[in-house]
Structure formats: structure tokens, C-alpha cells
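Here's the structure, in C-alpha cells; my notes come after.
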Amino acid sequence: MFIGTVIGQLWSTKKVANLQSLRFLLVRPQGLNRAPNTDVVVAADVLGAGVGEKVMVAYGRAARLAVGDENCSIEAAVVGIIDNIDARGPDDTAPT
Amino acid sequence: MFIGTVIGQLWSTKKVANLQSLRFLLVRPQGLNRAPNTDVVVAADVLGAGVGEKVMVAYGRAARLAVGDENCSIEAAVVGIIDNIDARGPDDTAPT
Amino acid sequence: MFIGTVIGQLWSTKKVANLQSLRFLLVRPQGLNRAPNTDVVVAADVLGAGVGEKVMVAYGRAARLAVGDENCSIEAAVVGIIDNIDARGPDDTAPT
Amino acid sequence: MFIGTVIGQLWSTKKVANLQSLRFLLVRPQGLNRAPNTDVVVAADVLGAGVGEKVMVAYGRAARLAVGDENCSIEAAVVGIIDNIDARGPDDTAPT
Amino acid sequence: MFIGTVIGQLWSTKKVANLQSLRFLLVRPQGLNRAPNTDVVVAADVLGAGVGEKVMVAYGRAARLAVGDENCSIEAAVVGIIDNIDARGPDDTAPT
């Protein structure tokens, strides 16, 4: 899974039938202590995450289990809205 | 899933038997506020997406479910043609 | 799936038993309008692709379906030999 | 699988129901003889790995098998805490 | 699958129960005509590959099939020890 920030939403009228009831968010993956990059992942969302919120995103079957439909055509979904991150930054990492 | 732009099509006569009836598009993945790059993904398409259209592409079993054949040899497919994207660009992102 | 050029072959005597009858090609992934890079994917091949041919390669279960054995230890296979590619180059892409 | 260092933890109250009992670590992937980078993977953990420990992380179904629930929405998990690594650095590698 | 060179081994005492009997190698992926990089993949091995040997590594279910246990928590395994590679270098590639 990865951490990302919700930056928006997308809409598609002409889509695969098994996706009719899903909401799709744009999520920008983030590292720690690093400016957000410009890559974007499209993730299905059933938790109601809003723009600016930090979320945890999972790929593959994990994503389909998250939206409660193992036979829908998604491979990325928000699996949690993040309350708190407690991490040591790269500068604090002990030498290896 | 990722967002991409359809840039063309490819044809293959000598191919795996389970792919006979499929149409294959070339899709260039895109970030936001970023020039398209030169990487290209080959995605099966049953929605009739045309060159220049923005599409949502899914990988793996999600792709096979999208084309309606769980036993075909694809692992990428167009799952939706995008009508609208509402996203905050990287420059508008709140500091983290 | 991705587009690549067959650049060679590899041989392995000591290998997993379920791979005994397979042929392994070296495939270099390619973008459009871009010089080939030096990364190499090992792909099983049952289509008889030759050095210099452009091929379409699929990963995962799609690859095992392509070689006709869902229980072999491969995760990449040639699924088609490409006859023709019709693509707009990056320079022709409409501004986004 | 990859080698990484545990650098922290994250908490999520609003999450997919099948994740209620899991602990989530932040793991920074590492190469050999190389400074840690700033990418971060979120991995479920049932081994009790602590900050600063080197761990082995697996993706996909392997991760779900590691936490003992094939139907939970994770795709990365700590599968081992590393005691010892015996590796030749890049500078010792024989020319190819 | 990819080609890599075995550069070492790792040991883990505290690990997921389904991994007890496996040997874990460190494999550095390699392109052709290119110096080895510093990225490292952890791959299970049942073929007895030694340091310095070139191997073929597969991911996902292919890896679990290679070690003969579909329910173990690995997603990378050595599937063959390479005897010979016959490849045209990038400089010999016909212009595209």
C-alpha cells in the first residue's frame, strides 16, 4: 500500500458496466519529507475521502475487497483515511 | 488505475488464440500538469475509445473482467472514457 | 501489456520442473519515438518470435494462459507478434 | 520481496472493515550500499517489528497469507524481521 | 521475469510461519551491457543458486509454484539458473 493525498475526482459516463456505482478519486502518492510529485493514481473510494485528505491506497484484489465487489474492474482503492503518521524522516535515519 | 491518452492502435495477426476478437490501443499514461511522456501501455478496449480521448486503464484481473473474458491473455484494458477531471494541480497543493 | 523488441534468447538447464518445455526470449521494452533502453524482460514464447521482431508482452496470469499452462512458473509471455503500429508521436500530441 | 527499514507507523480510524485489527508500518525500501531513499511503503505487520529494524516485505496474496486473512484489503506485509545480510557490494561484483 | 545476479543471502529468525523452510537470496537485477545497479530483490530459492550465478527470477503466483507451496508468503523466486544468454546489445539494434 502507499500513502497519498486526494487531489480531485474524475467522471466517466462510458465505462465498463461493473463500475457503474463507484466513485473515482485522483490520489497523488507521497514519500516522507518530500514535495508531492505529479504522478496520479485513480482509486475507487467507498469511504468518502475528500480533497486534501491523506489516504492509504491498496492495489489488486485488495482493492476489490475494499469496495465489496470482487468482480469489478478496479485495481486500486482507498482502504483507509489516515489520522496520524509517526515517522522518522530520512535525515534521522541511522546510518546503514 | 491510471489516466492516459489514446495515441493509436496496434495490429497482430500471429497471436495467442484467446486474443482473436480484441482491439488493442496504445495509451500514454499522464500525470497532471505534466507533458505526456513517451512510455506506452498496450490496453485492450471494448468501449470504442478513439485517438485523443482520455481514458482510465486498469491492470490484471480487473482488465480481464472489463473485456468480459477472465481467461484471455491480457493484463491491461480501458475501463472508462473520461468525461471530466477536477483536480488541484501540484502548485495548488497545500504544504505538507 | 507493453511493446518490445526481441533481442535474444536465454538457456537454463537447472530450472523449476514446470518450465522444462518453454522457450525464453529477451525482450527490450520500447516507448514510441524513443531509442530502445537497456532494460530487459524475460518472456516465455510459444509463437516463435524471432530476434528483431516487435512483440506484445503480458504479465501474470495472462502470461500463463498464453503458454497454455496455468501452473507454470512464468509471469511474462509474448502474446502477439506485432504487424503494424499506428501511433501519433509525442510531438504530434495535442496540448493538454 | 524487498528489504526495508521500519521508519514509523500510521493510524487510520475510518477504514475498510476488514482492516480493523491490523497494525500498519511505514517501511523504506533499501538497496545495498546506498543511502535510504524517501519512498515509503505501507505494510501490515503481525510480527511486531519496531522502528529501525530491517524487514523483508512481500506484496499481493503473499501479504494476505502473512497476516492470516486471505480476504483482507492489504497488498503489502512484513514477512520476516532480518537478522543478518551477507552480500557482496556492487564494487565487488565481477565484471559482466 | 528478469535476469539478475545472486549477490548474497539473508537470514530471518522471526518470520511468518509458512516461510520456515525457505532459503532467501539477494538478487541484483541486470540489463544488458550495463553495469549492475544497486537495487536488490529478495528471492526464495530451491535450486541452490550460488553467489555470482546469473538467475531468472519470477514474481507472484509463479514464484510460489516454483517453491512448490502455493500458500507461502513469497512473491519472488529463482525459477532457473542461466547457462547462456545470446543477445544483441543495444548498439546492434536496428533503428526503429
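For reference, chains read A, B, C, D and E in written order, and residue numbers begin at 1 within each chain.
One rule holds for everything that comes next: contacts are C-beta pairs under 8 Å (C-beta built on N, C-alpha and C of every residue); 3 or more make two chains touch, one makes a residue touch a chain.
Only a predicted model underlies this, so the values are computations on that prediction, with no experimental measurement involved.
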How far is the middle of chain D from the middle of chain E, if each middle is the mean of its Cα atoms, in Å? 18
Just the number, please: Cα centre separation of chain B and chain E in whole Å. 30
Touching at least 2 other chains, the residues of chain D are 60-61
Quick one: label the inter-chain contact graph as line, ring, star, complete or other. ring
Traversal of the chain ring from chain B via chain C: B, C, E, D, A
Chain B residues touching chain C in their complex are 5, 7-16, 18-19, 24, 26, 28, 30, 35-43, 51-52, 60-61, 64, 71-76
Report the residues of chain A in contact with chain D in the complex, numbered from low to high. 1-3, 31-34, 46-47, 56, 58-63, 65-66, 77, 79-88, 90, 93-94, 96
